[in-house]
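One chain, chain A, links the two complexes that follow: it is found with chain B in the first and with chain C in the second.
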Partner chain A sequence: MADMAELTATRDEARVRPLAEPWRRRMIPWLLLLPAFAVMLYSFVLPMLVFLQYSVFSFERGRLIEDFTFKTYVKFLTDPFYHTIILDTVKMAAITTICSAAIGYPLAYALWRVNSPRLKRWLAVIIFSPILVSVVVRSYGWTVLLSDQGPVNWFLQSMMGFSEPVKLVFNLTGVVISLTHVFLPFVVFPIFSTMTRLDPTLREASMDLGAGWWTTFRRVTFPQTLPGLLAGMQICFTLALGAFVTPSLLGGGRVLVLPLQVFTATTDINWPLAAVGGMTLLVLAMITVVLSNRLLRYSEV
Partner chain B sequence: MQRRKAPFPHPRYLALGAFAVLGVLYVVAPLAVVVLNSFSSVAYNVFPPEGFSLRWYQNLFQQSDFYDAAVASVLLALAATTVAMIVGSMAAYSIVRYRRSWADIVKAALLSPIVLPHIVLGVAVFMFFIRIGMYGTYFSLVVTHVLVVLPFVIAVLTAALANYDWTLQEASMDLGAGPLRTFFKVTMPQISVSMTVSALFAFVTSFDQVETTLFLVRAGDNTLPIEMFLYLQKWQDPTIAALSSVLIAAAFMIVAVLSLLTRNKDLPATLLQQAKENKE
Partner chain C sequence: MSYAGATQMTSDVEFQGVSKVFGSFLAVDDISFSIPKGSFFSLLGPSGCGKTTTLRMTSGFEWPDRGVVMIAGQDMDNVPAYARPTNMVFQRWALFPHMSVAQNVAYGLEVDRRPRAEIVRRVGESLEMVGLSSFADRKPRQLSGGQMQRVALARALIKEPKVLLLDEPLGALDLKLRMQMQLELKRIQREIGTTFMYVTHDQGEALTMSDQIAVMNKGKIDQIGTPQEIYDRPATRFVASFIGNTNLVPVEILANDGKTAKVSLGALQFETPMSEPVTGARATVSLRYERISIGKKAAARAIRARAVVKDVIFSGSAILYIVALEGADTDLTIEAGHDGTSSPEVRGSTVDIGWDSEATALFGDG
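Coming up: the complex of A and B.
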């Protein structure tokens, strides 16, 4: 009984103590957070509310009508033209994600298995340093590389015996090749970091028990690195959905995706249409995050 | 283990090595071709190059627009990085130091802009700033850039502070140092690698920002990536290749300096892991 009393006493004390702190002390955490909240409010929360508001306005005969209507949403979601844009956006992001994973996973594996520390360091620098170079520069590099008279077509024609240049630029192929390059570091990094946290004894145990290299990889290594792979794919997919520079430089006007539609609608002063396109993009990004977090939870069990 | 010491590596290691070489080639190729193209003697893209010249560099250094844009970009990125580091360390400190019940919610809220595609953010701030009459001001531009880099800074710094030994801070305070002195003299040196990495990333992200800046700058005050982007919509001559080569050289220098600085330290392996977690 005495213990019990003591226990409630300490619990009461614990509950009372924060309240007993002077209010100025209690304000400190909030004061430290205040600038961050101010930034969030000024260029995120309020702008998004205004954005949401514009999405329920409508735009007719070149004029903005400030009413409350879902007209723009209905038009956007029933018009086959916009269906194509949404589908193309998802398709572009999906192909880019698959390509990035297909290149990124073996690359991360190679980076992990390299023995020499110097080689490992160089490989890591080469894979990750393109993040420091502007997307504009890298996309420009790909337009040069993939153009009809560029190095890739020169190689295909003089070495592989293609008779005419392959159209690699100003279409979806070029956009996907370039976007994969842009997002590759973001896929390699999470995969590599799950690999470095693997317990090497599990692999050795599997080999000792007679499993071959392929079985060990398939049954032991790969399932453990799946969370990293999924995280990388999620990052890649969400970034690819919102990609703007690469599709506009390498798409040559033929790859119409949501970010470009949002940009065009804004410059055409059709803000409700821009807002609805942007909301669609945001919803797609959020669905991706929710779905992949669910998958991630399954993969970690 | 013994198998790898064999005189001739197993075919699958050769295959992996070959894949790594191809991967490196893929990563390096667009940057290498830009540098190669900048020394071209003709205005169109052709491979193999027809001749060597420095005329595109001459042309580049005569264009004052690019120079002005580069200065504007550096100043903007410096301003955004400075503000984001101050605001971000204050927020991260508050979240980790005072582990209150709201810490997780506040952190999630502060990291939430990551999910937002930049183009959506750009259009939204454009509409908002026009409505409140703050469009075209430097203040709005800097705050928007701070917002873009802030989630990353907070993610890295909270991770760093979570691993920090807080008894050091208590010792410093007990010995009579004030809170600010303790932060700068005791806490900050302990998380210096994370501070450097996040400041560098903030600088580069702000410097390369296209989607948000595009809507916020008036014509004539363009930053470098915007200037390049608009130039590329009109022309494709190797002047851009020359400028890109200068930027690639700058990136090389950053990598060199960074690898010297972090030679004996482990880079925070949790960088992107954090970016992943905050999306939940």
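Coming up: the complex of A and C.
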């Protein structure tokens, strides 16, 4: 018994201590992080601080007054005009996200199920192509396609029996169509990557247990690709919140979203108003990230 | 056999001249067999021999390119996987990671739209059978390999399949657990009386559990029989070498009457039963490690020889000797039981060895 007690006593004292990792090796991850940190600090944190500073200044009779006031915030949050802008921004981003997900998910599924590697490569290039085209060129392209005399309206009128041209451009519809087009790859690829990581025998197990294609998809495949779908939708939503060129070229002045409001404010040299608009965008984006992270954690196994 | 049509219902799975091609690779080459109802049937063979393809053709994941697959007396041509009376335990179990243990097990019944109360009851019974009642709410990733294996078994058995298909389900477990699960699988199979079709490359597993074993090699079935038949009377040289440990010794045929042959191994001449018709003068004798006696015990054997001990390997329950046969350029491996008191032969010493003629089998060198 005494021997046992002695033995456990020496065990507890842990005579061997873990050897500390050499400091050179411990430094490596920090060194690798350094460039990213530097860029972030200079191009994101510092401007954000300047923004924050400007947002508490006030602007009266075309002059910037460097004081400390929440006047602009109060005005922004109580004026129905700005409410409409915020709501329109969220609405545009939400519709774009839903459309991208609705088109992107089946596309990712098809890309996953296609067997020929050649076809797969070409499909991936086609899905990726919107990003390769300049936003200005793409926007004018859509203007031509969607205009009252454009091919889409020709089709709708001559084939589908619409008596008048459908307004597809210079309104929210046009903006959503173009944004969906360009954000599609950001939705497709996260979904596709979760699909490629799926264990193919799970589908077989489901079918073996008596489930047909649809039940297998609904109960086995889809729940497991949910993290990819959510990630894609989050990227799409935050990108759409900040979209500027597309709403300004295809909105025809009727789609007034926050980035446009910020731009207008800067042209009026109303820096505080621009700064508050920018802060609102940032808060919206942060809410999106927090919400989707919550959902993501919930959806992951 | 209390029901009508019993004669055609006695086999649960029947393959008739089935072949399967992948590209230009003939994975399964014209195989036929039938599995009696309620038996434990193993497909045994090295990887790439076509055993998994055979199992997948039974489950409906692969379609035969030629031949007929019958399950419970019905032709399975055009019957998809989800409509077959078979369920499968997958190699890595393939549990649904986003569902709890109970949800995994309930899945098959939910898909069939069984009433809620029945599902709850049967899931409870199933989990009890595999001893996992207290794990019902866990997710698969919170389970050990052995527990996941049991969940996979419960999930497949809950639909009361005619045939349970098992694709190397114990391959990912460690040795001790594998032995334990072998006995448990056999117990469950005996209790519920379902036909088990088991694929494995592990001969020990197949020998322990099976009522019948089909040994497959290069897409063909070399031999079907009980474990003992296959072990004691291998039909081909491949079966002899794949199952158990055996010395394959090249010999010269002196005389041959179709049933037994007189062969010579260097200076040693002896008789051996033939497993297959052999033509030509050269052949191979299979002589199992443990069927050769060494030392004093050799005196009781019909065929005796002298040999020099080249190496002694102690492995716990047995001692392996590698000996050089005198008068022939041949090494033999001998496995002698060890009961804790026997004293091994010494390396370099000359010993008596011997075996009986029925311990050997003769295969042609073709």
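Here is the rule we use: the second predicted complex is superposed on the first by the 259 of 301 C-alpha atoms of A that agree within 3 Å, B and C clash if a C-alpha of one lies under 4 Å from a C-alpha of the other, contacts with A are read in each partner's own complex, and residues count from 1 in each chain.
As a working rule, contacts are C-beta pairs under 8 Å (C-beta built on N, C-alpha and C of every residue); 3 or more make two chains touch, one makes a residue touch a chain.
Note that the coordinates shown come from a computational prediction; the quantities given were computed from them, not determined experimentally.
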Clash or fit, chain B versus chain C on superposed chain A: fit
Chain B versus chain C as contact partner of A:160, first or second or both or neither: neither
Which superposed partner A:54 touches (first chain B, second chain C, both, neither): first
Partner chain in contact with A:103 - chain B first, chain C second, else both or neither: first
Touching partner for A:125 - first (chain B), second (chain C), both, neither: first
Chain B versus chain C as contact partner of A:33, first or second or both or neither: first
Residues of chain A touched, compared between chain B and chain C (which is higher): B
Chain C versus chain B - closest C-alpha approach in the superposed model, Å: 5
Shared contact residues on chain A - chain B and chain C: none
Complex contacts: residues of chain A adjacent to chain B: 28-30, 32-33, 35-36, 39-40, 42-44, 46-48, 50-51, 54, 103, 106-107, 109-111, 113-115, 121, 123, 125-127, 129-138, 140-145, 147, 149-151, 153-154, 178, 181, 184, 186, 189-190, 193, 196, 213, 231, 234-235, 238, 241-242, 244-245, 248-249, 259, 262-263, 266, 271, 274-275, 278, 281-282, 285-286, 289, 293
Chain A contact footprint on chain C (complex, rising order): 59-61, 80-83, 86-88, 90-92, 94-98, 107-108, 111-112, 139, 141, 155-156, 159
Contact set on chain B toward chain A in their complex: 4, 12-13, 16-17, 19-20, 23-24, 26-31, 33-34, 37, 44-48, 86-88, 90-91, 93-95, 97-98, 100, 106, 109-110, 113, 115-121, 123-129, 131, 140, 143-144, 146-147, 150, 154, 204, 207-208, 210-211, 214-215, 224-225, 228-229, 232-233, 236, 240-241, 244, 247-248, 251-252, 254-255, 259, 269-273, 275-276, 279-280
Interface residues, chain A side, partner chain C - complex: 199, 201-202, 204-212, 215, 219-220, 223-224, 301
